[in-house]
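Just so it is clear, A, B and C label the chains in written order, and each chain counts residues from 1 on its own.
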Amino acid sequence: MVFRTRRLAVASVAALAATALVAGCATGSGGSSTSGAKGDTLTLWTHNAGNSAELDVVKKIIKDFNGSQSTYKVELQAFPQSDYNNSVVAAASARKLPCLLDVDGPNVPNWAWGGYLAPIDVSGSEVPLSAQLPSTVGRYQGKVYAFGFYDVSLAFFARKSVLKEYGIRIPTLDKPWTKAEFDSALAKLKKSGKFPYPLEMGTGSLGEWYPYAYSPQLQSFGGDLIDRDGYQTASGTLDGKDAVEWATWFRSLVAKGYLSKKSGADPNKDFLAGKSALQWDGSWNAAKNAAKLGDDLAIIPPVDFGHGPKIGGASWQWAMSSTCSNKAGAQAWLKFARQTKYFVDYAEATGTIPATDAAAQQVDGYQPGGKFSVFTRFAREYAVVRPVTPAYPYISTEFQKAVQDILAGADPEKALGQATKDIDTNLKTNRY
Amino acid sequence: MTTLTAARERPRPVRRTRKTHARRREGLTALGMAAPAVVLLIVFVVVPLALTFALAFTDARLISPTPARFVGLDNFTRLFQDPVFFKSLRNTAYFAAVVVPLQGGLALVLALLVNAKVRGVNFFRTVYFLPVVTSMVVVSLLWTFLYRQDGLVNHVLSALTLGHVEGRDWLGDPATAMPAIILMSVWQGVGFHMIIWLAGLQTIPAELYEAADLDGATRWHRFRHVTWPGLRATRTFVLITITIQALGLFTQINVMTEGGPLDSTTTVVYQAMRTGYEQQQTAYAASISLVFFVLVLAVSLVQRFLTREKD
Amino acid sequence: MTSYLRFFAGHVGRVVLALVFALPLVFMLVSSFKPDDQIFGDLGSLRAFLPVGALSLDNYTGVFERVPAARFLLNSVLISSITVVLGVIVNSLAAFALSRMRWPGRKLVLTAVIATLIVPFETFALPLVWWINQLPLLRVNGFHLEWTTGWMDTYQVQILPLVANAFSIFFFHQYFQSIPKEIDEAAIVDGAGWFTIYRRIVMPLSGPAVATVAILTFLPAWNSYLWPLMVVQSEELRPVMVGLSYFFQLNVSWGQIMAYSSMITVPILALFVAFQRSFVNSIASTGVKG
C-alpha cells in the first residue's frame, strides 16, 4: 500500500522534473548565458528593441566584427527601452549580466559602484578616447567604464516667421535669451491667442526625460540635483533659494497657461502642427523639423537663467560587465567598434551628435558651419553631466516625482524639500 | 467558506485493523496528491514571501557592492515617518472602499439582468464578460487614451450633455484621477463577479419564488426576502475576492499614473514596487510588503468574522 | 402591460450596458486599421467606433517590422497551454485530497493554501527573482544532460510559478464537495484506489470546473507582463505582453499599439466567445459557495 503512495509521489515529482526538462530543452539552444559568454561566444544587450534605426547599426557592427575575425562571436539580445534598466537590474541582482551591454550615461556610476561593470581599456583602437566629446565617455572614480558613439543636445525649436511676427529676437550662441526676454516672449506668444500653450517641453513623458530636460534649467538658475562637492547631500542645493526660485518659475509657466502640465501623445507633432510656438526638445528631432520647416526652422540655444545656458550631457554608452567570463573578447568588440565609420552610422541613423569631430565631418548638417553644427557647440559648451554618483538613479526618481508634483500644483518649496529629505536619507543609509 | 472545511462523516468499514490500515493508506495517498501543489506553493509563494519578510529587517539593496546587514526595525521607523506611505494606505483603502460595493453591486445588477429568460441573454453575458478576458495592461493603455483631455470620454460626455460638461484631463487632476481608475477597474472586473452572482442566483430553488408569488409579493419583496438571503454564501465569496483584488491595486497605477498627480493614486503595492525596483531599495520595499501583508490579513480576518455563518 | 414595459426597460438597460462594455474594445479594433492622424481626428465623433476613412493593414505591417510578433504569440500559446494543463492536474489533485479524503493536518493545509490568496505577487517578486536563480536546473548541453543552477531566461520560470493556485484549488474543492461521497465508498468496496477514484470517477464528473479553472489559469498566463520582464532576457523566449513595451520608443505610433493590442486580445476574445456557453454555464453550475 505504501508503495502505491510512494509511486504516486514519485510520479508527481517525476512529472515536475519532466516539465522542467522539457522546458530546459527548449532553452538549451536559446541565449541563456550563465556568465555573459559561452567560451568565445559573447552575449550583448541593447535597449533598442522596437527601434530599428539604432538597432540596425548595432547589428551591423556585430556582423562586421563577427566577420572580421574568427576567434569571437557576439550575439545580440535587444530589450524594449522603457523596461531596459529594470530588466538589467533584475538580471544583475541574479548575476546574469551579459558580457557587453549598453547603459544610459547617468547610470554608469551606479552600475560601476555596484560592481556590475568592469573598467574598460580601449587604447589602440582607431578612435582614441581623447577625440570624443567629454560627455560621451562614462567615467567613475578616475576609471573609464563606458563610451558612447553620440551625444544628444537640447534646444528650443521655433519658426523664425512666428518669432518675427511677434517681434521676438532670435537669439544666438553668443547672446542667448535671458530669463526676462524668455518670459516676455512667452507672454507675447500667449497673448496672440494663437497657441493654446505657446511652450512645449514634453511634460507628458515621464521617466528620465524629466531630469534630462529640466535639471539643466534648474542648474541655470543656480540650483542642482545634489551638492557636487563630495556628493554627500542635496540639502541647500536642491531645496536652496535658487532651486525654489526655479521651481516657482516652472510652476508659473503652468499657472500662466504658457505650458501644458501634461503634453499630448506626440509633442513634436504638435509643434510641427503649429499648436505650440517653442519646443524644448532633443536634437534627435532636428532633422525631421528641418525637413518640414526648411529655412523657417530656428534652433535656439538654451535660455541663460542667470548662471549660463545649460543642457544635459551623456546618452547611451557601451560597457562591459564585471562578471564577463571572456573579457578579452568583450574588449576586442569594444575596440573594433571604435571606428569613425560607426560613429558616422550611429549619428546618421539616430539623428544625434557624432561624438568625434572626424565623424562630424562626414555627417550631413554636422560639418563645421552645417545647420546642425550648433548642437555640437551646445554639447561642448553647455553640457553638464548628471551627478556622477551611484545615488543617481534614486535622485532621478525623486526629481521626477518632485517635478510632477510641482506641475500638478504642489508647493514648490515643499516638493523640493521632500525630495531633498528623501535623497539625503538615501545617501546616508547607503554609505556611497 | 466554512463549508469547505466541514468534513462530512461517512460510514467506514467496520473491521478495526483494516480501518486503521485504510486510514493510513488514505492519509499517505492524500499527502502524495496534495504534494505537487503544496510544493509549488512553498517554492513560489511561501519561500519568497519569507525572504521578503527577512529582508525587511536588513539594509539590502538591489545594487550594492556590500552584503546586506541586519538593521532591526530601522526600515519600519522610516516607513512610519514616510508621508507617501500614509497616502498610499489612504488611497488603497479609498479604492477598496469604493470598488468593493460598486463592483459587487453592479455585478449583481448585471447578473439579475442576464438571469432573465429572454432571447439573446447569452450574447449579453458574453459582452459583459469581454473586458475580463482582456489584459489589464491593454485595458489601462486603452483607457489612458480614452481619458485624455481630447479623449473619447470627454467627447461622449459633451455630446450627451449637449456641451454642458467641460472636458477635463481625468488622470491629470488629483480630484478625478482615482475615480477614473476606479471606474475603469470596475469596468474591467465586473463581468467576472457577474458570473459568480449568476451562479449563486441559479442555486436558489424556483419553488421559493413560486411561493413568494402566491403570497402576492412585489418584485422588491421577492428580492429582499428570497433572492438576497439565498445569496448569502455567494456574498461572502464576492466580498472577499473583490477586497483582495482591490487591495492589491498595482497594474493600472503603474501604466496610467505612476502614483500621481500629487500622490493621489499611489497605492501600497505600487509604492513597494517603485521603491524596491526603480529606487533599488529592496529592504525598504520589503518592509512595506510586510506591513501590507499584516493589514490584508487583518482585513480578511475581520471580514471572515463579520460574514461568518451563525450555526 | 407593466410587465411588457419592464421587459422593454430591461432590454434597453442590457443594450446600453453592452455598448459601455463593448465600445472601448471596438474602438481599439477599429483604430488598428486607421492611420494615427485619423485616430485622433475621429475622436470627436461616432467615427471613432466605425471602420471608416483610410482603412489599411499598414499598422499590422508595421507591427511585424517592429516586433517578432509570431514568435511571441507562439511562446505565449506554449506557455499558457502548458500552464493550463499542469494547473488543472496539480490543483485538482490537491483539491481532491483536501475535499474527499481524511488525513491529519488537512484543515491546516487548506487554511494555509487559502491564505496564499491574499498576497499580491508584486510584493515578493524581487526576492523571487533571486530565489529562482538558486533553483537547480537540468538542461541539455550538446548531447548530454547537465545540472546547473538558475532558472532565469527559461520557459519554465514563466510557467511553474503560475501553476499552483489557491483560487483554483479552492474552486475544485467546492466542486468536488458537491459530488456525493458515497460514490467513493462504493468504489473502495469494489477495490478501487483513491487515484482511480480521482481519475475515473471524480474528474470525469467535473467538466465544468475543469473548464473554469482552465480559463482562469489561462488568462494570467497569457497576460503576464511584469514577471517575464524581470526573468526573461532572450527575445526568443518572450511572451506577447512584453511586446507592448516595444512600441513606447521615440515616435509612438498609436495605430500600431492598437494593432498589436488587437492581435494579442482578439484571439482570446474569439476563443472565449467560442467556449462562452460552456464556460459561463460551468461557473453557474459550480454554484460557488462561500
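Note that contacts are C-beta pairs under 8 Å (C-beta built on N, C-alpha and C of every residue); 3 or more make two chains touch, one makes a residue touch a chain.
Chain-to-protein mapping (UniProt): A = Sugar-binding protein; B = Sugar ABC transporter permease; C = Sn-glycerol-3-phosphate transport system permease protein UgpE.
Keep in mind that what you see is a predicted model, and the values were worked out from it rather than measured.
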item: Chain separated most widely from chain C, comparing mean CA positions; value: A
item: Two chains sharing the most contacts, counting C-beta pairs only; value: B-C
item: Euclidean distance of C-alpha centroids - chain B vs chain C, Å; value: 16
item: Inter-chain centre distance, chain A (Sugar-binding protein) versus chain B - centres from mean C-alpha coordinates, in Å; value: 38
item: Residue list for chain C, restricted to those that touch at least two other chains; value: 40, 89, 93, 126, 130, 160, 193, 195, 254
item: Residues of chain A (Sugar-binding protein) engaged with two or more neighbouring chains; value: 4, 8, 12, 15-16, 86, 90, 93, 265
item: Shared interface positions of chain B, touching two or more other chains; value: 29, 31, 33, 36, 40, 62, 150, 277
item: For the chain A (Sugar-binding protein) and chain B complex, residues of the former touching the latter; value: 1-2, 4-6, 8-9, 12-13, 15-16, 86, 89-90, 92-93, 110-111, 113-116, 206, 261-262, 264-265, 390, 393-394, 397, 401, 404-405, 407-410, 418, 425-426, 429-431
item: Chain B residues touching chain C - in the complex, by the definition given at the top; value: 1, 3-5, 7-8, 10-11, 22-23, 26-27, 29-31, 33-34, 36-38, 40-41, 43-49, 51-52, 55, 62, 110, 113-114, 116, 118, 122-138, 141-143, 145-146, 150-152, 155, 187, 191, 195-196, 198-200, 202-203, 232-237, 240, 244, 247-248, 250-251, 269, 272-273, 276-277, 282, 285-286, 288-289, 292-293, 296-297, 300, 307
item: Interface residues, chain C side, partner chain A (Sugar-binding protein) - complex; value: 40, 65-67, 82, 86, 89, 93, 126, 129-130, 132-133, 137-141, 145, 148, 150, 152-156, 159-160, 193, 195, 229-231, 233-237, 242, 245-252, 254
item: Contact footprint of chain C on chain A (Sugar-binding protein) as seen in their complex; value: 4, 8, 12, 15-17, 19-21, 23-28, 30-34, 45, 49-52, 77-83, 86-87, 90-91, 93-96, 98, 265-266, 284
item: Touching residues on chain C, where the partner in the complex is chain B; value: 7, 10-11, 13-14, 17-18, 20-22, 24-25, 27-28, 40, 43-45, 48, 89-91, 93-94, 96-99, 101-104, 106-107, 109-111, 113-120, 122-128, 130-131, 135, 160-161, 163-164, 166, 169-170, 173-174, 177, 181-182, 184-185, 188, 193-195, 198, 219, 222-223, 225-226, 241, 244, 254, 257, 261, 264-265, 268-269, 272-273, 276-277, 280, 283-290
